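These notes concern the structure reproduced below.
By written order: A, B, C, D and E. Residues from 1 in each chain.
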Amino acid sequence: MADALLELDDLAVHYQVGSRFQGGVKALKAVDGITLDVKPGECLGLVGESGCGKSTLALAIMGLVAPTRGVIRLEGRALGARPDRMETARTVQMVFQDPYASLNPRQTVRRTLADPLRLHGVGDKAEIEARVADMMARVGLRPEHADRYPHEFSGGQRQRIGIARALILRPKLVICDEPVSALDVSIRAQIINLLMELKDELGLAYIVISHDLGVVEHVSDRVAVMYLGRIVERGGWREIFENPRHPYTRALIAAIPDPFRRSAATADRKARGEIASALDPPPGCHFHPRCPLRADVCATQAPALEPIADGHLAACHFRDRTG
Amino acid sequence: MLAVLVRRLLNVVPTIAAVVALVFLLFSVLPGSFISGMNEDGRTTIDPAVMERMRKEMGLDDPLAERFVKYLGRTAIGDLGTSFRTREPVTKLIADRLWPSLKLTFAAMLFAIAIGVPLGFVAALKQGSVLDTASMVGAISGLSLPKFWLGLMLMYLFALQLKWLPSFGYGDGGLRHLTLPAIALGVSPMALLARTTRAAVLDVLNADFVRTARSKGMGESRVVTWHVMRNALVLVVTTIGLQFGSLMGQAVVVEKLFSWPGVGSLLVDSVFQRDIPAVQGCILLIVFFFLAINTLIDLAYVLIDPRIRYG
Amino acid sequence: MTTPLLEVRDLRIALDAGGRSHDAVGNVSFSIGRGETFGLVGESGCGKSITALSIMGLLRSPLSLAGGAIALDGREIQDLPAADMRRLRGKRIAMIFQEPMTALNPLSPVGRQIAEMFVLHERASWKEAWERAEDALRQVRVPSPERRVHDYPHQLSGGMRQRVMIAIALACGPDLLVADEPTTALDVTVQAEIVDLMAELCAAKGTAVLMISHDLGLVANMCERVAVMYAGRIVESQAADAIFAHPRHPYTQGLIGSLPLLSARSRHGRQKLREISGVVPSIVAYPPGCRFNPRCPAMTDICARDVPMAESLPDGGLVRCHHHG
Amino acid sequence: MKGGTSLWVGGGLVGLAVLVGVLAPWIHLTDPVLAANLMNAEIPPGREFPFGTDAQGRDIYSRIVHGARISLTVGVISQIANTLIGVTLGLTAGYWGGWWDDLVSGLTNLMLAIPSLIFALAIMAILGPGLTSLLIALGLTSWSYSCRIARAQALSLKSQGYVQAARILGYGDLRIMFTQLLPNMLGPLIVIATLGMGGAILAEATLSFLGLGIRPPYPSWGSMLSEARDQITTAPWLSVFPGLAIFFTVLGLNLLGDGLRDILDPQSVARRT
Amino acid sequence: TPRRGGTIRMTAPYGASMGSLDPHVTPRAQDDILGKALHRTLFNWDSANKKLVLELATSVTASADGLVHTFKLRDDAYFHNGRKMTADDIIFSYTRIMDGSKGYPAARYIRVIKGAVDVEKNQAKEISGLRKIDDTTLEITITDRVDPAYYFFAGSTAILPREEVEKGNFAANPVGLGPFRFKEHIPGSRVVATRWDKFYKPGKPYADTFVLQIMAEAAARDLAFRSKEIDTSILGPAQYVAYRADPELSKGVMEVAEMFTRAMVLNPSFKPFSDKRVRQAINHAIDTDLIIKRLVKDKAYRATSWLPLSSPAYDKALKPYAFDPDKAKKLLAEAGYPDGFEFELTTSQNESWGLPIVEAMIPYLARVGIKVKPKLVEVTVLTEIAMKGEHQAYIGSNLTGPDSLATLRCFYSKTPRTACNYSSFNNPAFDKLLDEAAQSGDMAKRNDLLRQANLLVQDEAPVWFFNYNKAVMAYQPWIHGLQANPTEITHQYVEDIWIDERSPAK
């Protein structure tokens, strides 16, 4: 087993929200004790509903928000309280969800790609030129696009620029936060395919964040399912999709309308009720108010994330109950 | 409501403290002294010996820091000092002017709201029409004139030519004398309000919930009265607050022109005569008024916007 | 043959931009029977929402109805006087919008926004209307409706707000509900619930639904018949089962092939997704002929020249392609 | 009103004023100061003096032309100063947040609470009348608007993908502010500055009225207007022309600001199309 | 015959508010407009005969050495609170003015009384030179052989009733001896007073009400006057022309040569101005007559030297400096400035003796090579600068009457700069003339000496002699009894004024 590229150990990010004068300051536990690792060349899928802390996790890894507790280790080095951003930048990069907001409207593609190189000490003009051209070709942009501004591109092309920017420093790990959900349906396949090709060509590791289970199943080697700041289940993609053990995972899968199967069959697996607020999560198992398997113990004790089989863990008191 | 008030007041305290300090420092470096200020009309000669003694008497020769501390102490207990010019307490000087000043600002704002808001509303509802264009050009024109010039024109037209209204003065403080200065002062907030209202109404008209209302089968007039008005108001209220709050300060020119006995003309006079305690008092009052109005506006928000009430 | 509840014939919607008129939607025809659920899919910007708005009579400048007919129960409604149209709206045709966050008036309690329906269409007194609003909330399964009627939209979660929207739309028992992407903004698990709720209530009231979505899976799952729109035209319409099993139009085919569907990988292993090359054309630059031609793998000369006619399929569908297979 | 029309009309008026100001040395007929000839005093507009002459016998046309320079200088320089101060404070406050933000917000509230006219009055009284003092007085007192805008923009832009991307790529704070934030907030700032220029020209006139205007003898429109006010009934042309010059320039600036707002503010673009 | 009743509506044109209604507190000319209605002083200016006359006394006798003056006071003067005035009130008032801790401006006049300075310095409680003989007889001993009239006529030496002053808050409720009693004061807007029936002049005042409107804005005043809302207005040059040209308005224009001399004071500590030839050159270089005619619109009289027209020692034969640029150039060349020089001229915005005049001077001086850099300041600052001598030159207006000796003392070498010797004038010959004049008891001789001194000032040209003010007051046709007061035209004896039926204010 290769050494992990990224390790998270009990990582937590709490935001302070509210004001002193109005209802007092509260801690919003956006990420609350996550342990994960990503190995070189591997793709980790991260699913969960809106607000469960996926993006926060990504930002914490990137050093953009300070963890409240826990450790982030990159290639075995723990990131300190003031991580070396330059070093981190050359190891991990990120692709954003919204291709419209993630490109500076006042910069040409060339500047967007060349500036980081310059910043990271690639001083040689010719080399910068070459690397920009190479990266553009890899993501399927034509050389003449280099001097255009973002508004001259379609959403799919912009996302390609975003990917090129993430890869220009040759990182080892790329976090893709909802890389296709803002794109036209007919464009998504292009971007997913591109990501997969680049992964193989450059030997990248990915964390793909998505709420689209189809996408996650398609791209991931391993999958982690998050609910209100915690991981409720993780394991290889096959285990998660074919043998989900957490009722939330099952509810997620059941909620996807399957054009080949009418929904009646899965009605009993569906979750009911609203997602609780991260500010005020239910006690015990966060999922229990919506859980079809709910029992008294769920409201009082938070289940630990424990293994079911090798590399397949679930945080449920009834993790052994199948289907 | 109470929470908002408390929070607001807590925010206001440092602002006032800063204003107090700033005003003191600004005016302690003012050239000229009140004694030479007595010679404002250039028709008075002053006895230098007297001058020296008075400087000493009023503590003007003390070190700055000492004066500052004394000043802070006095101001904190609401004592604004004694006017150099009239040798009366500044609080009395200001109290005399407060009521006319409030009358003028409120009348001007009333005018601005009564004309500006409906104008903006109609312009927005008839977007693109001649009426819209005309009222917006008019509004921008209203913003492009110096106030004193506008005031003179009003006097010329309504007092001299038409003889409808007195051209100046306080009279019995009634509407006849109030009208012209209030209009001169109210035109620019009126123009601003008309523009903000128009933009706000257009914004709301384009909001999704207005489309929802239409999809319910509601007629345009009901859409406007049930759903557009209040929402537009929320956007307009901030402008009202800012305009209203700064109006007492802007009144300086109008008061001077119309011989209106407000705080603004007292301020200008005091500046020219170097009556520093009076100047400081006036500015404090103007700032206080601004903060008070904006606190009221904050409370108004709480009343009209449930998102704040329960937020 | 009975007259369908809604019949849209040759609908054309013009968009004025920069002094020129563009054909935002053209040649759109479909019909919906009583109590039927009809799906309209297509990607962003293809004209689904404006089609829905034209049915509601809510197109506003710069968009306008440029041709075609919309018939409700056989009566053409596209040219009705404003007052008559207003009486239909909400009462007989209701609509749910995509954004539950902004579709409700933030300054008005939700109860009042429901009650307005009864006051407007059934001349109820406000008092009575408020009571009925509470019932309506109960019907859409909002917990403790007696408290919730007094809540303001910002106090409700997205799912709750969409329930309120449904309550408003169904308040007067309309014959047709136009649901424009009612769940796109919601989380998957919540979406499933809302869709179920809508289906259930409409079935109970016999309300027909025009379900608009960009999610083929969702529409196929819910609807009896589905139409696929591309660049302002309906390119294919078929029974829901058939469209997945036998997509006829190259665009539909491409779309189905390009989606990483759930459990496709477990069934078939990881395969490269089928791409649809090119990008969605902009409304100001729709290509001549078949609007899909620049991206179509089966494109020939005729595609760039002639607009394909809608052809009926043996099993009751329609397809608009020169080369449909 | 269509954004386009107001943009063109406003741009035209402002352009004209700028042109006049720039060309002043070539297009004025006589020297606005030295060519006084008391024998020509107070001649109404006519062939020899298109705008008439003032009490000193100076050609009003020449003085208006020359005044354009000074009035526009006042508008432009004071707004540049306001914008620089406002942006520096607002941008850093919005981007860094924390105590610095609290401090800047407090300062902004303070500046808002003291009406800028009164602030300017105080500064003018301290420094004495004159162009430099006027520039200081107007340039230091109304930055709160651009500061608020810059802060709000910085707050909203800093969570934009491209700013985050820049941070992830290792950009330093200053570099982010200069290359990522600043260029993208110029639109609303330009609008504010344009409107502020009109405000400054009016403020100059008002200060002149209060006796704290520009250093003589070179004329600004405001000082001309305020000098002429005693002769409104006797020699109206003395005030009509500077009045019109101010009115049209400020109107132009306001229209231009509106027009720019329409093209620079994406929200209102959406509203138009 | 004068009509009784009606309202007099006068204007206070010099500032946006009254200084104080306590006449001792304020030295401002504007406040004295009201003072003339509410208060009285021992002496008064008689405009008709152009001299100072007794007001609160019926007779005065001087001792042989001219130092002890015995006043027989009126016994029909009543304060507005109903009490009769006595010698004690005068003693009280003068003693109050000498309260050194308050620095009342009139102290400079009262100081002439023997022992006043001791009170000021807090070395005595009472002024030894004031002695009450009985209720209506007062003896005043003064320190110099001067005419006491010049010292006890200023409004700031008004006689006030002790009991009212000691109540405190006198400024809010002023009580005096004048023809009108205070009714209301709306600060910044107006003061209203009503007829005092026990006023000592029988049948006076005529009007029921006296209103003083505060209106500093000339443009607003013009509009208000034309719309008949005020009865009197002070005119500036522009309006002077317009009013004179108007067939209706021209009937109500009153002119008077006021005792103010306008001049540009040249500071000899600025090198070029230390040379008499340069100063003379400046006087020759400017076409002063033309400026007065065209710019000031004849609303002024050409100044020949320092003493104004109505001054007793004024020399009618004296010719002003001629406009002669060539001579000016020659003088400059002789003084060593053939190419001229540059100086900074401090000025206020005042339309009659400020900025506009400077602007008109600039081209003239430019023609002889002198470059003027105007420096605009507020009047307040101007005074300050003049007192400190920080200017190279400043232009201003100077009170120059009615006492010629006091007026010329501004050039006496021992007079400090702060007490009006702004040009630091120092000329032994002049000092000698002035000393002799002061010694001389003979009025004619004194005036002759002063005339010579005045001539000397002209030749030395410590200033550019500009003009003597012509004050112009416009009045409505229905107001009668106004006097042309050369000390200050706005100072009217309101008891003599009456209003006929045509007044809109009734």
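As a working rule, contacts are C-beta pairs under 8 Å (C-beta built on N, C-alpha and C of every residue); 3 or more make two chains touch, one makes a residue touch a chain.
Quick caveat, the model's predicted, so the values are computed rather than measured.
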| item | value |
| --- | --- |
| Set of chains adjacent to chain D and to chain E | B |
| Pair exhibiting more inter-chain C-beta contacts, B-E or B-C | B-E |
| Whole-Å gap separating chain B and chain E, where each centre is the average of the chain's CA atoms | 38 |
| Chain centre separation (chain B, chain C; CA means) in Å | 53 |
| Computed distance of Cα centres, chain D from chain A, in Å | 49 |
| Distance between the centres, which are taken as Cα means, of chain D and chain B, whole angstrom | 21 |
| Where chain B touches two or more other chains, by residue | 31, 152, 156, 256, 268, 272, 311 |
| Where chain E touches two or more other chains, by residue | 219, 223, 226, 378, 381 |
| In chain C, residues with contacts to at least two other chains | none |
| Contact set on chain D toward chain E in their complex | 33-39, 41, 55-57, 125, 128-130, 211-213, 215-217, 227, 229-235 |
| Complex contact set, residues of chain A against chain D | 59, 62, 64, 85-86, 88-89, 92-94, 96-98, 101-107, 115-116, 119-120, 162, 165-166, 169 |
| Interface residues, chain E side, partner chain B - complex | 14-17, 19-20, 22, 25-30, 100-105, 107-108, 171-172, 186-190, 213-217, 219-220, 223-224, 226-227, 229, 260, 348, 350, 353, 378-384, 387, 396-397, 399, 416, 418-420, 488 |
| Residues of chain D that touch chain A when the two form their complex | 160-162, 164-171, 175, 179-180, 183-184 |
| Complex interface listing, chain A residues touching chain C | 49-50, 154-157, 184-190, 192-193, 196, 211-215, 217-219, 237-238, 241-242, 251-260, 262-263, 270-272, 274-275, 290 |
